[in-house]
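Two complexes follow with chain A in common, the first pairing it with chain B and the second with chain C.
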Partner chain A sequence: MKISRYLLLAGLVFLYFPLLVLVIYSFNESRLVTIWTEFSVKWYLELLEDRQLMDAFFLSLQIACSTAFMSVLLGTIAAYVLVKFGRFPGQTLFSSMIIAPLVMPEVITGLSLLLLFVGLGNWLGWPASRGAMTIWIAHVTFSVAFVTIVITSRLREMDSSLEEAAMDLGATPLKVFLVITLPLISPALISGWLLAFTLSLDDLVIASFVSGPGSSTLPMVIYSSVRLGVSPKINALATIFVGLILVGSFVFWWSMQRWTRYSAAKTSGQQ
Partner chain B sequence: MNDAKVHCAVEVVNVSKYFDDVAAVDQVNLKINKGEIFALLGGSGCGKTTLLRMLAGFEKPSQGDIKINGVSVLNSPPYQRPVNMMFQSYALFPHMTVEQNIAFGLKQDKLPAAQIVARVTEVLGLVQMEKFRSRKPAQLSGGQQQRVALARSLAKKPALLLLDEPMGALDKKLRMQMQLELANIIESVGVTCVMVTHDQEEAMTMADRIAIMDQGRIMQVGQPREIYEFPNSKLTAEFIGSINLFKAVVSGGELTCDELPGQVVAGEANAAFDGPCYVALRPEKIRLEAGRNLDAKNCAAGKVNDIAYLGSHNVIHVRLDVGAGQGKVVQVHVSNFARHATQTFDFEQSVVLSWDQDAVVLIKADQP
Partner chain C sequence: MKGVFAHKFWVIVWPYIWMLVFFALPFGFILKISLAESMIAMPPYSDIWSWSDGRLTWLGSLDNYRFLLEDDLYYLAYFNSLRLAAVSTVLCLFIAYPMAYGISRMEEPYRSLFLLLVILPSWTSFLIRIYAWIGLLKTNGLVNHFFMSVGLVDEPLTMLHSDFAIYLGIVYGYLPFMILPIYANLMKLDHSLIEAGYDLGARPWKVFLTIILPLSMSGVVAGCFLVFIPAVGEFIIPELLGGPDTLMIGKVLWQEFFVNRDWPVASAIAVVMLTFLIVPIYFYRRLEMKQLGVGE
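For the complex of A and B:
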């Protein structure tokens, strides 16, 4: 009991101590990341003035948002086809091709997409150059895999008699999908959206392959600047991210908690 | 001809449904009258649910035709049929209130808002759930959910109401109460109703007529009393209630039953065929007396083998003494008239079984 406690503690320290150090040193006055001098917020102010970093930040945000929306759209359609259309010829091929990006090494995905874009550019003249658009397409291709899995499992556990009941009461199939199916799978849509958003924001490898001049995402900028020496600005940026993620996940957890407690209370109220 | 059409709400004409060459429903013909509650009764996998889903439009018959009020509905999808269904799981929309659930079907018809509210209030009153109109389904008990489900399926005034295992999700005590209540509501509305159930008691309590199904085919159709008292096959006899069967043969109007010692005389309604058959006796129609004296006909001697006290009646198993049926066990129900039993039986006591000739049912044997 005691020992396992300590082990747990050691594990947590191992995981989170570096993060803590990073946050602390973001408030360091000194230019050197390893020597603490005094408290200051100057790196945060400098960060705001760094055009390159801020551009990359907004580009990443833009790509992540649009990737999330597109992945949820395509993922919902794919999941719906897989769950509701019964067996159709090529179903196994279809489902494994959707899931494939999950197990494909990022380098392979990135390289093959690069080759595809170059080939298409030569053949059709589109995409003329690589940039935000190609990164977005690449991110959607692998995010869709994750989103499809999340939505498929939700659709599978949904009682299909709900949709039949709606149809029985006079709703056309499209209406049933919009008024019954979509609201009922909305928790999966939200978590799929968040998942795709995070994956896209996080990605360095694939983006490096398919990006072009003038379209560097945030992870790419950070990675290249770190190679020239770590600036405390990166610490400041990382701290902002950690803060955002903490707040975001707390809000998500809290609303989920409230929602499950609410429905649990209702279920126990039945007896 | 015309008259028959008016009385017939649903006509199932020679309908079959194959799943991968296996017939789930096999050449079924049914006529269901206006305003009656009709039960499809059978074990699991007998095709009753498939037949119901074909009426609702969720499955398409492989062959045959389905007419509702004389019009074929084969080519109309579920959302265009004048049919509403109460699902086994109730299928109430969890993200809508009771009121929104009931209004859902009316909204699809694009009725004016005031009319929808009025109709919702009306059906909520019918099932006595006015107080719960703004609750979510998860906040209701099983019985309340069922009332809402019924109200929702009645809201559009369907020509045909379908009930899929209506009591499947309720516990036993609530079941008895809801069976009568549901039947009363449906009768007061006057809607034609087809229900599917595997529970014979439920079918007999609620339905005006019952169809017994087995392996996709209809075995017998009739009122509960007809089916219980005059089963036309071994299968229906055994499916509804319990029954004692003895092998027998009819030849030239003469009934010989080797498994019973004495002469067996059946009521005249039964003996209109030749060949192998069964003598069928319901356990509650057999009298049980202590002693050994035998009459000439419709009786048998035996020893008490087993006694089960069930409160309302005793189930007594008697092992027959003589004849080819020696050792055969006969089930007898003896009601408990008096609180202090005047006549009790002991194990291995010699008894005489006897029955009226009206009690005897002859069932033609399907296979020799």
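For the complex of A and C:
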């Protein structure tokens, strides 16, 4: 059906048009975002001078990196357990806790984690205060779900005969995992890492609940400025965001294409 | 055999404990505090039991829930959230299905390129993507400028701060979540069935309705859950695009917590929202486990 192709293009225009307008008006001299006056990069320069924004950006970057590492670690274990271990006691609860965060409304996750931190803080004295640490815990908790899904589907598609061969040759389960399984699922580990990183960098609602005084993440600073109305400075920030993501993903897509072609050529050469 | 089980135990235990402590346990706390009373203290709620003279006294009450029942505001907010989320989910489905279908019928490498183009916006900030619509929909915004300059309308339309803006925001923000599961399902479709349909003389629409749509149904259902459940509790969209009288329960909960600082009422709102959503979440989990091919 040809019509689906036109609808696809229309849908893509719908997805990209608002972002395009955002990018164009970030180069507008005027403070008004509806009237074009002349080309200028002054909003970008103002962005760099905004200390609060830059501090928040570096804090968000730190949290996103550490969230991505921890989520991939826990997500790999969880996916391995789900795919390879068969039944075990408490499996239903386990899979529920892994899947539910995918759809759980953020206000519920945020509020319930805050109450946990406050309750534990009163009872055990930990966590003593809220900040980067509690945001990190919250972000790992909901990112693990997404990472687990990505790695699970890769583990399912994977040819397990290599693992069986290694096992037959006397390798220990840990060695099989480290030498055979891990390299085979490495593309999924990278996509999982990137996914957790962007999820963490993007989160406003949960971080607002569990952060403490003096630990504002980038979305929190953006939100407090956006609430007051449209500002060209936020447009400039959005443009940098969109640009980085665009370039990064196309490099990723291009190298994946290269990699597929390369490995296809290699396997056909071997036969 | 016992040795193998011990090995497995030490593998399972790490993600298990993490999720138990930071995902399951918090629901216990939210339930507990929904039974407490608001207080001016830190933390701002009362205890629900006390221990004195070797006796445990129960102090909790259902007052917060009674309060939610008595005030029309909460009832309206729940109803509105369910309505806005449901309508947006249907709109999202009608836009996403042809897009997913279009991508699934492409040849590589264009297929993965277009898939990437669909996913890309969701990697940029959600907050910024919703913010982008403010400048477009404002009374003196770009869309109104365009409409007036081509003479479509005489005076600017009110689009921002309305239900229309919320529908638009949810559809825009959640579109990739609808496209992806449908696309994944369409990719698994056996094309010989479609050819058989055509060979037997069925028209394209008949092939679509009797073969393609039923076979991609589990993707459609998964996509609907992925949009509907989070959209019910959405905060950013009603806050930025909705009007002051647009009641959505996520925004009401936020205001109870951050503006009124009434933690117990906010918790009660969350508990009630969760009871609405527990059934869809249950079915979504079953579907997702089946899609992943993880046996239970």
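A few points about this structure:
Following the convention adopted for this analysis, the second predicted complex is superposed on the first by the 247 of 271 C-alpha atoms of A that agree within 3 Å, B and C clash if a C-alpha of one lies under 4 Å from a C-alpha of the other, contacts with A are read in each partner's own complex, and residues count from 1 in each chain.
Rule of thumb we're sticking to: a residue touches a chain if its C-beta (ideal position, glycine included) is under 8 Å from a C-beta of that chain, and two chains touch if they have at least 3 such contacts.
From a predicted model like this one, the values you see are computed outputs, not experimental measurements.
Legend: residue contacts after superposition of the two complexes on their common chain; A:Val13 is shown touching neither chain B nor chain C. With both structures placed on the common chain, the touch criterion links A:Val41 to neither chain B nor chain C. Counting residues of chain A touched by each partner, chain B versus chain C, the larger count belongs to C. Put simply, chain A touches chain B in their complex at residues 159, 161-162, 164-172, 175, 180, 183-184, 263, 266-267, 269-271. Taken in their complex, chain B has these residues touching chain A: 56-58, 77-80, 83-85, 87-89, 91, 93-95, 104-105, 108-109, 136, 138-142, 152-153, 156.
Contact residues on chain A toward chain C in their complex (touch as defined above): 1, 3-5, 7-8, 11-12, 14-16, 18-19, 21-22, 25, 33-34, 74-75, 77-78, 80-83, 85-88, 90-109, 111-113, 115-116, 118-119, 122, 137-138, 140-141, 144, 149, 152-153, 156, 173, 198, 201-202, 204-205, 208-209, 219, 222-223, 226-227, 229-230, 234, 237-238, 241-242, 245-246, 249-250, 253, 256-257. Listed in rising order, the residues of chain C touching chain A in the complex are 7-8, 11-12, 14-16, 18-20, 22-27, 29-30, 32-33, 43, 95-96, 98-99, 101-103, 105, 109, 112-114, 116-118, 120-121, 123-129, 131-136, 138, 140-142, 145, 172, 175, 204, 208, 225-226, 229-230, 232-236, 239-240, 250, 253-254, 257-258, 263, 266-267, 270, 273-274, 277, 280-281, 284-285, 288-289, 292-296.
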